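Two complexes come next, and they have one chain in common, subunit A, joined by subunit B in the first and subunit C in the second.
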Partner chain A sequence: MAGADGASTALQRRDLCARGIRLAGKMRSDVVNLLEAYAERQGLDASASVAAVEGVPPAAVERWDEQTSTQRLLENLAAYRAFRALLAQMLEQHREQLGEADAALGRALAAVLLQVSAFAYHLEELLRLESRGVPGEEEEEEEDGLPPQPHSLFEQKLRGLGVLRELAQWAVRSARDLRQLTKPSPGTGSAPSLPESP
Partner chain B sequence: IPVTPRILSLTPDFSTSTLNLKWSDNGSVFPYGLDAFWQIWVLRKETMEKVTEVTYHSKLTHEDIILSWNWTSDLPLECMSHYVKIRCYINVTHFGLKDWSDWSPAEVIPDMDPSGSGVFPLDTVVAVGSDVTFCCVHEEGQNITNMTYGSKPYPMIQLSSRSNAIRVLNASASDTSGTNVVCRFNNEMLEGTVLFVGYAPDIPQNLSCETPNFQIIKCTWKPGRPSGLYGKRRTKYSLFERTCGKNVSCEVNEMNKELACGFPVIPDQKIYDFILGVSNPIGQTESSVVVDITQRVHPKTPEKLTVSGINSTSVHLHWFINGSFAEIRLLCQIEISSGHSEQKLHNISMPGGKLSSYIGQLNELHPYTKYRFRVRCSAADHFWRWSDWSRVEEYTTSEA
Partner chain C sequence: EMHSQYERVGADVTMKCGSMDWDAAVTWTVNGTDIDESHLNGSYLILKNVNLTQTGPYSCYEGSSWHLKYQTYLRVGTPPKEPVLMCRSNNYPKGFYCSWHLPTPTYIPNSFNISVIHGTKEMVCEKDAVPKNRCHIRYLQLFSTVKYKVTLTVTNALGKNFTTLTFDEFAIVKPDPPESVVAKPVPNNPRRLEVSWQNPSSWPDPESFPLKFFLRYRPLILDQWQHVELSDGTSHTITDAYAGKEYIIQVAAKDNDIGTWSDWSVAVHATPWTEEPKHLTTEAQITETTSASTSSFMAPPTTKICDKGAMVGSGAVAVCWTAGLVVAAYSVLFI
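Let's turn to the complex of A and B:
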């Protein structure tokens, strides 16, 4: 029976990864659109140089190909939980600063927040499939705590730009990570690789 | 020679670039009624350049009085260090040589982070047409490549080795998210602030109040010229009623053309003397109106219209109106239409009820005819406005 279970888990994993890759692709294109609208509405130069945003895990990672599946999933999950808190804060700041004046940008921010939350949930599903415990939210929130409030509005605007930029990078990395998860680990036979997405 | 004055406090208000100085006049050591003159100097930068000198006069009262003086800077206080010192001259006739006291020690503005950097003033609000000076304070040795207001670079004025300024004249209304003032350094890093440029609130126009149900009074008005300020800087409204002294803050959507606010009906009060208060960070205004709510009844749409036949030419109509109209008579109008004849209106007046149903009878209808009925109501005495029409209800009279 173990063989059958193994096969069904592998199938489930492939399916979850395939759906995750599509989610990441959609999220990335939405984030890129949002980034442009955000920069324009906030009067920022989209290419402005922004210091690393505190509370945002960098998408770039050294020795990416040496990471285990679990490491990939845990790092992804930590990132999207951080983004969820940061985007929720951005949405709150948007309401406080603009109220009803820029409802379209508010809706776009809320839509991306929804996708980030869905993707985080998706990663938790994958981790459960790996029969790995899913780290509790409280542990992470205690470690990182809520992102600090910037002390000026301009800093707040720049930070929003930095968050969206990093999220766009993460969406690319997540698709690569999930694609990597579907590849058989060495010695277990080859499986057809999934279509390239973002 | 008088004692050197003692500065009690030097308090900055960075949002308005204002300094408040408090000192004691030491009056208890002098006879009553003497004239005292206080010379106050405001100095800038480590080089203590004098920016302002003023002589302030007071009368001594043989008690120690705390005196206070305000000064508004033409530059944001954060742009450089500011110091204040004070000395005094007492006009006393019989004590020998009269002269100024020594200067007090120079007091520096507290809360200023000498090593701080940033663009100032921070996230402030000004009226359209204002002239504003911004400064970029940076660490020693850092080089500024340019300072922009919106997307436009401005000529820089060096204030000190750590502070450059630009001056924006006749500022125009900013976008919804404000106008960015950005200071770019040669290491590509940015510092900045946001300026919100808008208008003081307009006097609300067409302020009008009515009651739909004798439970709430709904006031509506047109806001006039948009202030250009949004979110927490938006224009805020509150409704104050003089007779009962109650004040209600209004939740409005600043994007709407017409704004509305609800005020609870006060038991046994018919006359309401309203003041609509309006304010935003640039200014405030108000509008007022006095209403007798029994003369400003605008009932809600009649609901649950049903028709029941009495005979082939008469029917009863029943409907419900949400509201307490026990204090007035209602006038209701029934519109009668049928395929081949002209539309007719039938008026019925009746005592108002409290959250109740109403009934009207129509006679002289044609037998075996399909009719369409709808109803609307208003106050019978002191007509103000009709309610909206109810939904249409169809009915076919029975055969003769």
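Let's turn to the complex of A and C:
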């Protein structure tokens, strides 16, 4: 039975990873399009260097190849939960500032927010499959709430650019992370599991 | 003591004979050959508007004693123009390399210094032994949005110049072309060609960083390429080849998610399978089999000639030339 369960889990993981990779690919494509549209609407250069934005999880990682499966899933999940909140904030600002004036951009933002939420859920499923606890969001929010919004409109626009650019980077990283998960590994790592969600 | 001096092309050069007075009687030589007195101003050697052919050893001897008073090696050259710098990652995610060259030679020795900055961090670019104008860097971070700034400075005795490249991690990813491209006809399929290839050996982890491929093919007699993009696998069957026509086929590779397409692979040639022409039953042949007299009709040769140019790698395509002529006639019907 254990053998059959193990095989079944492995198949489920592969299936979830494969779907996740496709989700990440679509998400990246949509984020890149949104990034270009956002930069154009806001009068910014999409390729301009933007300093690290407070509260935006950086995709950059050292020793990426040495990460365990659990580390990958936990870091991805924390990132997408943060992006979910950041994009919701951007969407709210967009509606306040522009209302219906730029409905297309609003719809594109909403669509990406939906994909980010779906991906976060997908990661939670993978973590459950790994028999790891899914970290509670309430605890994360108490510890790392969204930083206060910049006052100036220009700073808000730059911040939005930084959010989208980092999200595009994460989408590439996530696809790579999920591919690593499908490779046979020595173990799921020694990272401590976080408290179960209530 | 042999001195050394560098002068620009077109410059006027004055050489002093060491500590000799201006009015001392001296003889100058270049490469062991006396220099005409018309180039002298007292004991000074004057070379106007120097050119590259004037590079060489110059010596000054005291008049009658022929004591060597001064030696210098003159090198005529130019200060460096802005160097051409290229950076590329063909082994992502391990690292990237940068290579450079000067657009025009300087004819004198140059030294190159490269600096690589990622954010606030200076990284070391390790020079390759071969080729000399290349260095490589290992990525310390992946998936960074912070750009890399590479500055190459070239210096020689006559001046210096530099160039800077700024790029992000994904933009410079460009695999090497696919390797071992093989194209084979498919037996009993006059319109098919089976193409296979391998990932470039320089791509370290195709499982985690899969490549996608672009195949292009055309018959030699036409200029227009057909294209097929393939998101996975390292083989493809062409199903719309013109019967009997020799094809040229190439493959390119790209990381599934980032970067740019590789250069095209080495081209391979192949011709789809063609049916062996049925033995022609003509009166001449019947006559040949029943009498010993020679006939002007020649039966198709039984020895096949292998077209070496049709294949790369294993396998072989046998093309019978006379049969090919017959097939060519038939193939006109298919176009």
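The rule is short, and it goes like this: the second predicted complex is superposed on the first by the 184 of 198 C-alpha atoms of A that agree within 3 Å, B and C clash if a C-alpha of one lies under 4 Å from a C-alpha of the other, contacts with A are read in each partner's own complex, and residues count from 1 in each chain.
Operating definition for what follows: a residue touches a chain if its C-beta (ideal position, glycine included) is under 8 Å from a C-beta of that chain, and two chains touch if they have at least 3 such contacts.
Keep in mind that what you see is a predicted model, and the values were worked out from it rather than measured.
Chemist: After aligning the two structures on subunit A, examine subunit B and subunit C and state clash or fit.
Modeler: Subunit B/subunit C on subunit A - fit side by side.
Chemist: Just checking: does A:166 make contact with subunit B only, subunit C only, both, or neither of them? Give me first, second, both or neither.
Modeler: After superposition on chain A, A:166 lies in contact with subunit C alone.
Chemist: Touch check for A:59: first (subunit B), second (subunit C), both, or neither?
Modeler: In the superposed model, A:59 contacts subunit C only, not subunit B.
Chemist: Determine, under the contact definition given at the top, whether A:180 touches first (subunit B), second (subunit C), both, or neither.
Modeler: second
Chemist: Could you say whether A:25 touches subunit B, subunit C, both of them, or neither, answering first, second, both or neither?
Modeler: A:25: touches subunit C, not subunit B.
Chemist: Thinking of the overlay built on chain A, is A:121 touched by subunit B (first), by subunit C (second), by both, or by neither?
Modeler: Once the two structures are laid over each other on A, A:121 reaches no partner at all.
Chemist: Considering only C-alpha atoms, give the closest distance between subunit B and subunit C in the superposition, rounded to the nearest Å.
Modeler: 11 Å.
Chemist: Would you mind listing the overlap between the subunit B footprint and the subunit C footprint on subunit A?
Modeler: 49-50
Chemist: Any idea which subunit C residues touch subunit A in the complex?
Modeler: Checking each residue of subunit C against subunit A gives 93, 140-147, 170, 207-210, 257-258.
Chemist: Tell me, which parts of subunit A touch subunit C in their complex?
Modeler: Within the complex, subunit A contacts subunit C at residues 25, 28, 49-50, 58-62, 64-65, 165-166, 169-170, 172-173, 175-176, 179-180, 183.
Chemist: What residues of subunit A sit close enough to touch subunit B in their complex?
Modeler: The contact residues of subunit A facing subunit B are 41-44, 48-51, 95-102, 152-155, 157-158.
Chemist: Applying the document's contact rule, which stretches of subunit B touch subunit A when the two form their complex?
Modeler: My answer: residues 118-119, 122-123, 150-151, 175-182, 188-194, 230-232, 234, 253-255.
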